[in-house]
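The structure under discussion is supplied below as structure tokens; questions concerning it will follow.
A, B, C, D and E label the chains in the order they appear, each numbered from 1.
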Amino acid sequence: MTPMYQGRPSRLFRNLNAKIASIPMILTALVIFVGGTAWTVFYSFTNSKLLPRASFVGLEQYERLWATPRWLTAVENIAIYGVCTLVFSLVIGFLLAALMDQKIRFENTFRTIFLYPFALSFIVTGLAWQWILNPNFGIQQVVRNLGWTSFTFDPLYDADIVIYGILIAGLWQGTGLIMCLMLAGLRGIDADIWKAARVDGIPTWKTYVFIVIPMMRPVLVTTLVIIASGIVKVYDLVVAQTSGGPGIASEVPAKYVYNYMFLAQNLGQGFAASTMMLLSVVIVVVPWAYLEFGGKRRHG
Amino acid sequence: MTSVVVKDVSLSFGAYDVLKELNLDVPEGEFLVLLGPSGCGKSTLLNCIAGLLDVSDGQIFIKGKNVTWEEPKDRGIGMVFQSYALYPQMTVEGNLSFGLKTAGMAKDEIARRIARAAEILQIEPLLKRKPAALSGGQRQRVAIGRALVRDVDVFLFDEPLSNLDAKLRSELRVEIKRLHQKLANTMIYVTHDQIEAMTLADRIAVMRGGVIQQLDAPQVIYNRPVNRFVAGFLGSPGMNFLDGEIEGGAEPAFAIAGAKIPLDRYGFDAVAAPGKAVLGIRPEHIALGDVARAMPFSADAGVELVEPMGSDTLVWTKLGGQGFAFRVEAERHLASGDQLRIGFDPARASLFDGQSGNRI
Amino acid sequence: MTSVVVKDVSLSFGAYDVLKELNLDVPEGEFLVLLGPSGCGKSTLLNCIAGLLDVSDGQIFIKGKNVTWEEPKDRGIGMVFQSYALYPQMTVEGNLSFGLKTAGMAKDEIARRIARAAEILQIEPLLKRKPAALSGGQRQRVAIGRALVRDVDVFLFDEPLSNLDAKLRSELRVEIKRLHQKLANTMIYVTHDQIEAMTLADRIAVMRGGVIQQLDAPQVIYNRPVNRFVAGFLGSPGMNFLDGEIEGGAEPAFAIAGAKIPLDRYGFDAVAAPGKAVLGIRPEHIALGDVARAMPFSADAGVELVEPMGSDTLVWTKLGGQGFAFRVEAERHLASGDQLRIGFDPARASLFDGQSGNRI
Amino acid sequence: MAAVAPAASSAGGLVGPSGPRPRRTFSRRNIFIYGTLFVVAIYYLLPLYVMVVTSLKGMPEIRFGNIFSPPVEITFEPWVKAWSTACTGLNCDGLSRGFWNSVRITVPSVFLSIAIASVNGYALANWRFKGAEVFFTVLVVGAFIPYQVMLYPIVIVLREIGLYGSLWGLVLVHTIFGMPILTLLFRNYFASLPEELFKAARVDGAGFWTIYLRIMLPMSLPIFVVAIILQVTGIWNDFLFGVVYTKPDTYPMTVQLNNIVNAVQGVKEYNVNMAATLLTGLVPLVIYFVSGKLFVRGIAAGAVKG
Amino acid sequence: TDLEVTHWWTSGGEAAAVAELAKAFDATGNKWIDGAIAGSGDIARPIMISRITGGDPMGATQFNHGRQAEELVQAGLMRDFTELAEKEGWTKFIHPKSLLDGCTLDGKIYCVPVNIHSQQWLWLSNKAFADAGVAVPKNWDEFVAAAPALEKAGVVPLAIGQQPWQTTLAFQVILVALAGPETFQKVFGDKDATLAAGAEMAKVFAAADQARNMSAKSNVQEWNQATSLVINGKAGGQIMGDWAQGEFQVAGQVAGKDYTCLPGLGVNEIISTGGDAFYFPKQTDPEKAKAQEALASVMLSPATQVAFNLKKGSLPVRGDVDLNAANDCMKKGLEILAKGNIIPAPDQLMSADGVTQVNDLFVEFFANKELSAADAQKRFAEIIAAAD
């Protein structure tokens, strides 16, 4: 007995609820992220000033962008800040996590101490560190009062190192979370691996470097995403700490974008800078996102 | 000469005592299996011997040397884990050589040892692969190799085959046995698979709740378990247990509902005090039909359920109202509802005290 | 009447075809076991029947109704998973009633059904507990109960016993068998444990790479496997395979190094073309000593390894230079190095084509 | 020979070490570990310490003392001022007004963003449909886009749907920008739950929402804690959206903070600024101190299984 | 009717001045809802613009006089006040005329100027010079000459805040003072790049170089912090607009006695007539629209002008009000105004884009000692050439 073949019902209506529930996500992705991005790119080829205007000027905005010292400084800064943040966050975060993983006492206390800055906004972070790094009141003055009168530590007022002054605050705010992620990653590693390494007589540091860290790939990926997305966005911190100063020494791209869009009332220029930022994000992120979420594997 | 001695070792996690004054002597070259249910402390004991856990009390000797406070790498032991614990980002060769390199061994000596281990374990073609590209059995071989290259006196295995499927498990079981015959090292092997325990062990230590219940050769443990726990733990299909009462007197017998099993042929360990007891008899020791009738004890029984297992068949009946299984050859065709005569020789049975569960 | 019909079902994940035009008819009341190695598509097939995966092609009928595009709940099936999949935050009662409540069933009917299922599965005392407070066996019983209360036509089991230890596994196996006898529902049961397959099944479907290799009664599959894969997959200890050559002529024989096995008693399926072939014989079909000598084929062999397994003993020897194992009773005391005569009846053997592996 | 080796097995006194390995409390390893942790802890605590100490000092003391010295004379004046009397323009009610605005903004934003993201994550993990991953990838890439870039397009979107300047407009913005990372977290978490649970529920006849509400939600406490913490701190701390998409009578606390800190009247009143800063950070700080442990657990569940 | 007014007047003197506006407006029976956004126009303006373009406009908002709101007006988002202006006769009393020009587009008036701010002032601390033992300078050159003495006494010669607009302001002031108003007009108004690259301007850049050296040790952010350095005698002087006056006033200092002011750096007594103006975004609610008119009238009423500008330290936009209460410096300003020595503010001449670029250049110039005056001039000329 073979009953009649029934046609396959429409694909569209299978799992209809799931599709309905995904509408916010789809709208956000399409309207805001794709639409907003396309809109931005579109107007970056115009000479829009205060209001978007579709009068095209070709690549003029880009030519001007790459001839502007302020933009170049911003790019250089974000490069330094980005690389340093990446390296130091990972290194410090990992070292702290490794220390915390030694079955220490007061683990909760230490963890809370390392994590609490994450609860504070960049505005607050920036203000606090601006205060501490202020040469007239802060560390420099305190050390001088202790007798080392020639001691100089005023990163926020020295154009050459100001970006590192910002880095100090940025790391303070962000490493706690990285530490937490790493700790979770470390705890997720099979205890047998540690035992095997001990039986093999491999010293702790070697076990970490050659065995454990390579095994933490998934955590490292997550961490990298979090750090990287933070780097691109760095803005509040700079504004709160230095307003881009001294001079334009601590400019960052996000600030350039904001300033040109709203202060200079040159949307076209701001959009051109945005587009450059987006482009770099896309170059870095899309291949990764594709590998990570691009279908085939079920559990990301 | 004893190879591993565990002396009065206790271990507690906080207030929870996992091992309780445990003693164990393992002669050189012996294959000792630690068998017991989950959570009984097998792995803990193995980790103590390996030095991966600090004992709370007691001492551990390996080759006559007190190693209680030694680091694992200085104890002359190698260990193989259930989860293989291979270093995933190194090749097989890297896995094998990493410990040796760290110890600063000469290159050619390392190469020699790896070659030997690879040959013994037949993993030569795999040396350049990463663990992810290996099957479970191959991984476990590499894990064994990692212990092998270290040229140790004592091998410790913690359920090395539990993650493998049945077929691979029986293959690797044979290989481990051969390896032992070849190397003649001391091996301590944790498992909760009793077939593994029976086939591999020179002696089995059956553990329960951190205490060794019985330590003896497999056949002894199988045939003369010291208590009901050991009896029930070994054997698959499991031993049949019949609750009843021992009747003393001139002709001691074991009484169950509707039947009396004569115990004159039973070799008592202790004095057979009359009272509640449990009689255990293994399914393969039960005879059918005419053979059964010739046995010191026999009774009629109806077939309730037939479980063909391929090589043989398990038949479930009731004896004195209690579930009772026996094994017949696969060729014997029985069906639910069949009536037949079953019997056994009480000399092959085990009697346990009703209260303590100890063998009588 | 057929209960479940799988017609030309294919399923692919992306470019990877898991099921390939699979056909299967399950008569009403049958206990069908899907057996096969890991990754062969057993769970996938079960999920297709349950409606948890959309087929790429083909149709599925349950009770004569085309359910290919029905929701799982409308197919009249109940499913039991390896990991129990109990809702952790609900009590046992909540777990049992969840589906019924979702369907909007009347309160007293729900209570009645739960009471019945609880009685059948003997989980009455557990009804108020949460799954976390249950043992593995109890959890699996609840999981079965969840299918039971739904009063379905077809039960689907996906390795329900794999997470349990050996003892519990054999107990629950018997219970499931009894349940089937009582309910007489259609049951489709996935496992890779061949003992389970052999004992439970009315018919076994042995799968490999998304294709059913053989679908037949357990004894047929065990004794007359259609190909070498099926032969090797069933039986523990596994079948012995001897590589050799068929010599045709008046007296067909199977030649291995140093011996010739007469094939006149062998029931050929196909024409015995001379050429490379593989002879398979199960360890329990091998006789020793005088019995062996009486067999159509016998040879001398040296014992290499003895594996006592409690109830019986596995002995490894070599035949024609190839590894060869046979089973003897536990009482038989053999040791490595012993010489003895082994023999078997070729009628009980299986012959496979050297190339295709198919039975000849 | 036998006399040497089994010294132990022969009954007799203890030979050599026995019992647990001796552990010195002040081993070099411990000194290193705790020393490092301690030093690092100081780095992390320093700003908080400075803020607290400064907020308790009077202006003269700040001008002449050093920032690390504890206050000679503790005064709560700056706190009072920051909370209730500090001026911005004509408004002299400090942070107090902003506090309630922040609450009014944060609560619905957190609720809505988590509700939407968790459903999204659930749909992605369990009800995959064609194209879902593509949208999701776009969404995740969106997490990298600087907010400044999106400011203008969103102004337009809000204007078009008529929500600009209303509280709901701001809630919507927070929901949108919270979506990428939250959806990722929830998706990973739900994917890590046993899939069979979901299948069992489907066989039981539960639909999309029933499974979500009855099966998934009760099992997701850790990840909800993480999401709530992330969102509460993120939204509470937000300045940019708060200032751009609201108006003065609904300004959140951070905007008030910025106003107080930047509305310099002669000398900077550092003590008031610090008090205001601390007051603003208080809510997220308390949340962290209270639920830090759950946070770490949830992070492990949602983030690590990438 | 409630009317929300946004502005960025949050420093002490400014806030006091706003209070006067609010008081006067409230007196008309309406209510002033204060929407102050702290941190200078740089922070506030984007917010204001977003709100106007976002369709949720405030009742009135401050902008700098000039071209900042040009496009908003063009887009039809701003209210046209021509009618009211004609009725009240703004053209008659608003002085100088150029103020209203800045509000006019295509012959229609879109904003209400409320004050005149001149930038060209050098504020000097009498105390600082006394401490250093030198006389209070009377012009730029004397000031430069006194710098070493000040430095020796531990006083920062010139205080300049770090915000971009402050350094630009300093430069423009130096430009007008040293090169004269014609050059200024040509460079900023006519975008004469040749002149910008010429010798006249080189002088200005040299002076700017001196200014940057003198301000090297001044590390404050806000302009009023810099002013506060001057008030406290920690800095010798500050180049800042007349709004700095408000701070001196709040600190209770008296012009001439505690501090000295030099319009046009004491070289060219010329002031620019920039200032603040209020714009009124279009409202749908007629009640609000009425209130807007009331506010516009109130802002220009003589009483408010006096009260407001006294507090703010700026000059009134009406030529016909009595400013007896004005102090020394303010009077100086009024005199210059009366003489007509005025120039338009750069905001009026150049688009925000151009201003920002110039800002950027000078911020960099002041912060980066490596950037020579000649190089800076070259880049300046390029910006001027490209500006519109």
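Keep this in mind: a residue touches a chain if its C-beta (ideal position, glycine included) is under 8 Å from a C-beta of that chain, and two chains touch if they have at least 3 such contacts.
Remember, it's a predicted structure, so these values are computed and weren't measured experimentally.
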item	value
Distance-maximising chain from subunit B - centres being C-alpha averages	E
Top-ranked pair of chains - ranking by C-beta pairs in contact	A-D
Relative to subunit C, chain with the most remote C-alpha centre	E
Centroid spacing, where centroids are CA-atom means, of subunit A and subunit D in whole angstrom	15
Subunit A and subunit C, separation of their C-alpha mean positions in angstrom	53
Separation of mean Cα positions, subunit E and subunit A [Å, integer]	38
Subunit B: positions in contact with at least two other chains	none
Shared interface positions of subunit A, touching two or more other chains	14, 258, 261, 295
Shared interface positions of subunit D, touching two or more other chains	151-152, 156, 258, 261
Subunit A contact footprint on subunit E (complex, rising order)	42, 45-46, 49-50, 53, 68, 70-72, 74-75, 162-164, 219, 221, 351-353, 355-357, 360, 363-368, 379, 386
Residues of subunit A that touch subunit E when the two form their complex	49-51, 64, 68-70, 135-136, 157, 159, 242-249, 258-266, 269
List of subunit D residues in touch with subunit B within their complex	1-2, 4-9, 14-22
Partner subunit C, residues of subunit B touching it in the complex	37-38, 165-167, 170, 173-174, 177-178, 181, 192-195, 198-199, 218-219, 222, 232-238, 282-284, 305, 307-312, 314, 316, 327, 329-330, 336
In the complex with subunit D, residue positions of subunit C that touch it	47, 50-52, 71-73, 77-79, 81-83, 85-89, 98-99, 102-103, 143, 146-147, 150, 158
